[in-house]
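Take a look at this one; I'll ask things after.
The chains carry the letters A, B, C and D, assigned in the order they are written, with residues numbered from 1 in each.
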Amino acid sequence: MLQKRQILRQKVLSNTEIRPNIFLLKVASPEISVSATPGQFCMLRVTEDKSNDPFLKRPLSIHWINKDTGEIQFLYRIVGRGTELLSLIREGEEIELIGPLGQGFKIEDKEIPIIVGGGIGIAPLLFLADILRGTRGVVILGAVTKSLLLRLGAFKESGLEILVATEDGSFGNKGLVTEVFDRLMARLDESDRKRCMVFSCGPFPMLRALYHLCKIYGVKCQVSLETFMACGTGLCLGCAVKAREGFLHVCKDGPCVDAKLIDWEG
Amino acid sequence: MLQKRQILRQKVLSNTEIRPNIFLLKVASPEISVSATPGQFCMLRVTEDKSNDPFLKRPLSIHWINKDTGEIQFLYRIVGRGTELLSLIREGEEIELIGPLGQGFKIEDKEIPIIVGGGIGIAPLLFLADILRGTRGVVILGAVTKSLLLRLGAFKESGLEILVATEDGSFGNKGLVTEVFDRLMARLDESDRKRCMVFSCGPFPMLRALYHLCKIYGVKCQVSLETFMACGTGLCLGCAVKAREGFLHVCKDGPCVDAKLIDWEG
Amino acid sequence: MIDLKVKIGTLRLKNPVLLASGTCGYGKELSDFLDVSMLGGIVVKGISLEPRKGNPPPRICETPCGLLNSIGLENVGVERFIREKLPWLRDKGVTVIVNCLGNSIDEYKELSGRLGNVDGIHALEINISCPNVKKGGALFGTDPELTFKVTKAVREETDLPIIIKLSPNVTDICEIARACQEGGATAVSLINTLLGMAIDIERKRPFLGNIFGGLSGPAIKPVALRMVWQVARCVDIPVIGIGGITSFKDAIEFFMAGATAIQVGTATLIDPTSSEKILSGIIDFMKENNYLKIADMKIVD
Amino acid sequence: MIDLKVKIGTLRLKNPVLLASGTCGYGKELSDFLDVSMLGGIVVKGISLEPRKGNPPPRICETPCGLLNSIGLENVGVERFIREKLPWLRDKGVTVIVNCLGNSIDEYKELSGRLGNVDGIHALEINISCPNVKKGGALFGTDPELTFKVTKAVREETDLPIIIKLSPNVTDICEIARACQEGGATAVSLINTLLGMAIDIERKRPFLGNIFGGLSGPAIKPVALRMVWQVARCVDIPVIGIGGITSFKDAIEFFMAGATAIQVGTATLIDPTSSEKILSGIIDFMKENNYLKIADMKIVD
């Protein structure tokens, strides 16, 4: 039997704090770079060799990939012990990871892509924007304030139209990404809206609000979900989230799913 | 109430592999350097911050101290997970440790000190040799082969007479340190022997053989013991070793004890 | 020269490394990483007569060197298992042990009857850490009499080798193991998870949707090993060791305690190839220490 | 504004952080690092009528996020304790709880009678994880009836607050806790260590001189927390939480589960100042979350 996948140990190219507590991690991973699609994730070992604590690998979305150089990037925020340990890994060291995992975003040719990301939720969306280069797509990025707005320059390189919302109005539109999205949809005519596909990632309340707007406007919507994961590979059934019917397993059915499958009030 | 002791976090000055799997660790610790006596030890945290595994601190003897600069040294061999993790700590990083702990060697002025160390067991003896500078003392160092002989140069600086035994005869006398010791004792007269105090550290069988020789020659003998330790501070009673009567607790009654207190056959 | 084969009654395993129920799906999920047929066998996710949806999220929580889970026995049910999952395993030549869940003695009976006649199933593992709905929800596996009854009922229903999987949440594990032996069990496997919980202090509520969960992983290994040691000394049937096995060294400890085979559980979640690494580590250890068979490693006291 | 004081019957603690028995010696050993009188109190190393030598070495073994110990209740005996150890604690104004060991109901009685009249002792903690020599060595704490009898016997012997310290190695912890309540216990404390073992695969023999040992440390916290949650919901007397508490967050989890106070055990071995850090972390957490008393943190379900 062919072993398609392995636990990879790969070289860290850099691990830089780009904003307070926000890190950009670059890893040389030809294996992952060739096969990954936008929206997929990896499980990363944050624990030192020989130690069992913290016990689980951490899921991180693939932020960006350079298929030519085999470099992959992760963008992460320190929220606890695991991400803190991850932030200590230095250039030249090796990191253990598994990937690419899960279902990425489903992209169809004739659609108008609308990318909506809030806060660290923009992580999986740069790779997506890059792939959508040359389309009529729009990217809406949100943050609390200008200094927390992440990777704006990198998104601009995709050539897509970029709209920005900051809650305090320090940059771009004042308000929430959903408000910008609302105004954008209001401007489009019915037939364009039908062709739109929203791709989103961010805090749950933002995704829920976005989903409700999409329902009102009759726009299709995919979201990237987060939940606690033990394996990331479909073995444990631990990553269940409430769906319209029963449960979805984020690591296998997702993380990117059609927003209408989810039980948003659950 | 005065808090005399703290958990120290101190800067690592260097951590160098001086022989395969043998490391010399230098730490800036003015606190420990001022109060430690030869034969005492420290408990060192080998675990990364935020991790609980490996769970226990590791006991290491104080190898050498520079009271002027506040530098302390440890000499250790990689035997398992903890010492392996310790070996990864780099210059400039901090290490958490407690010390000095336990009873060091008891040194009296009029004695002729005979220092006997085998293998990594020489670790606590350099500090001792340094303190005994200027006495009539003799140091007997042993190793399997020349390349495993540790810190010979450093011992020479103490100015004490140095005898060396290698099991394969590749350096110094061929044979065991106990054989060299035996010959040395045979040369001394009764009154000199009475004034001798043997200080020793090494593998248990070596210490036992040495103790039996000391008994035959009527020579006093102190040994530095090793055992599994949880706390190193006298709290858990976990470090018991069989004594003539009941148990000795290595971290409080030792590690340096009068050899005749121990149950060598237990 | 080394003989890795072990016998559990009429069940023959090519080697003593099994995958533990609930941590390897139905085998196929792992096949991207591992040739499952290389192992002694697989214990598939617990199966009940009817499909089950499982517990509300969150279902997992990391703990020091361990994992709390409250999956709640989510599974596709016996019919879909036989139709959709088993054929793949059969095609690959995998030795299949089916972990069986029931809420009454009748359910265990019916389930083992149904599974007993199906090609490609080599043994049943009866998970008695299930609530007995007829008896107020107390677990079968914490009561020696109920354990005996379940064992006997299943024994009468099928000729397949029957492994009873013990719950560690008991005062006297030997009493339960003896009840299995008396009931006609081919073997016992242990341990299932220790009952535990965690609290989310920010939200001020239990972390898991189900409040309680099962603790697994390296944290529980000392308890598992102790119980295997005890059970291997109080029954005459084979004992399969489970609990926190992450490296070949852990496996060797269980063989020395008296286990005939072992199961790798949570370790697979963290590294899907763990079982393979453990197997090759066992072989190396046996070579270096001149052991010819697994049973030679048992400590005789 | 925050009131850290807690009451355990007539025992008043200035704060809810205690040192657990067997991990803080007789207090003085810690005084180089810690002002013990700052804490709620100390539970001294288990004391028996006669001095005990303890178990053969090795007595400790590191496990994943945990510690196995088989100290074997080594102690100086009640008379030397009173003569040599207690005066120092009394002088420092430390609240002293004496952990009591016995091998028969009579021993527990005699010991608590002896300790009940001594100045400077504020409560007794009865360790019922001791073998009952009259009953083939089964532990008192695994049998509800024996637990009841021990509690009652001690209760009749002294007016001091009596805390019964429960063994977690039981099927139904509530059954045991209720027996304590019925026997007249002032409070229960839990958990003592989980029974575990380790094997030295190089030497092919159990690692500990005593074969079995007690597992403590972060590894066992989920089990301890679950039991505290259960017991806090099945008895009306105060519950003292113990098991793997290493940070203030762990302590908060226990308060939320329903503990009135907590004990810091193995954490002190690794960092002798843990209890102090935990106490200050509790205070900060309460301030940030506007809790006024410990009891306010309990989750009401």
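In this text, contacts are C-beta pairs under 8 Å (C-beta built on N, C-alpha and C of every residue); 3 or more make two chains touch, one makes a residue touch a chain.
None of the values given here were measured: they were computed from a predicted structure.
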item	value
Shortest path length from subunit A to subunit B (each step joins two touching chains)	1
Farthest chain (mean CA position) relative to subunit C	B
Mean-CA-position distance for subunit D and subunit B (Å)	36
Distance from the mean Cα position of subunit C to that of subunit B, given in whole angstrom	47
Distance from subunit D to subunit C - Cα centre to Cα centre, in angstrom	34
Per-residue multi-chain contacts in subunit D, two or more chains	63-66, 217-218
Junction residues of subunit A - those touching two or more other chains	52-54
Contact graph of the chains (line, ring, star, complete, other)	complete
Subunit B partner contacts - residues on subunit A that touch it in the complex	47-48, 50-54, 81, 84-85, 88
Contact footprint of subunit D on subunit B as seen in their complex	1, 3-7, 52-57, 98, 227-231, 233-242, 246-247
Complex contacts: residues of subunit D adjacent to subunit B	22-25, 29-35, 37, 45, 53-54, 56-67, 69, 71, 74, 92, 217-218, 246, 266, 268-273
Complex interface listing, subunit D residues touching subunit C	63-66, 68, 142, 169-172, 194-199, 201, 204-206, 211-213, 215, 217-223, 225-226, 229, 244, 249, 252-253, 256-257, 285, 297, 299
Residues of subunit C touching subunit B in the complex	64-65, 218
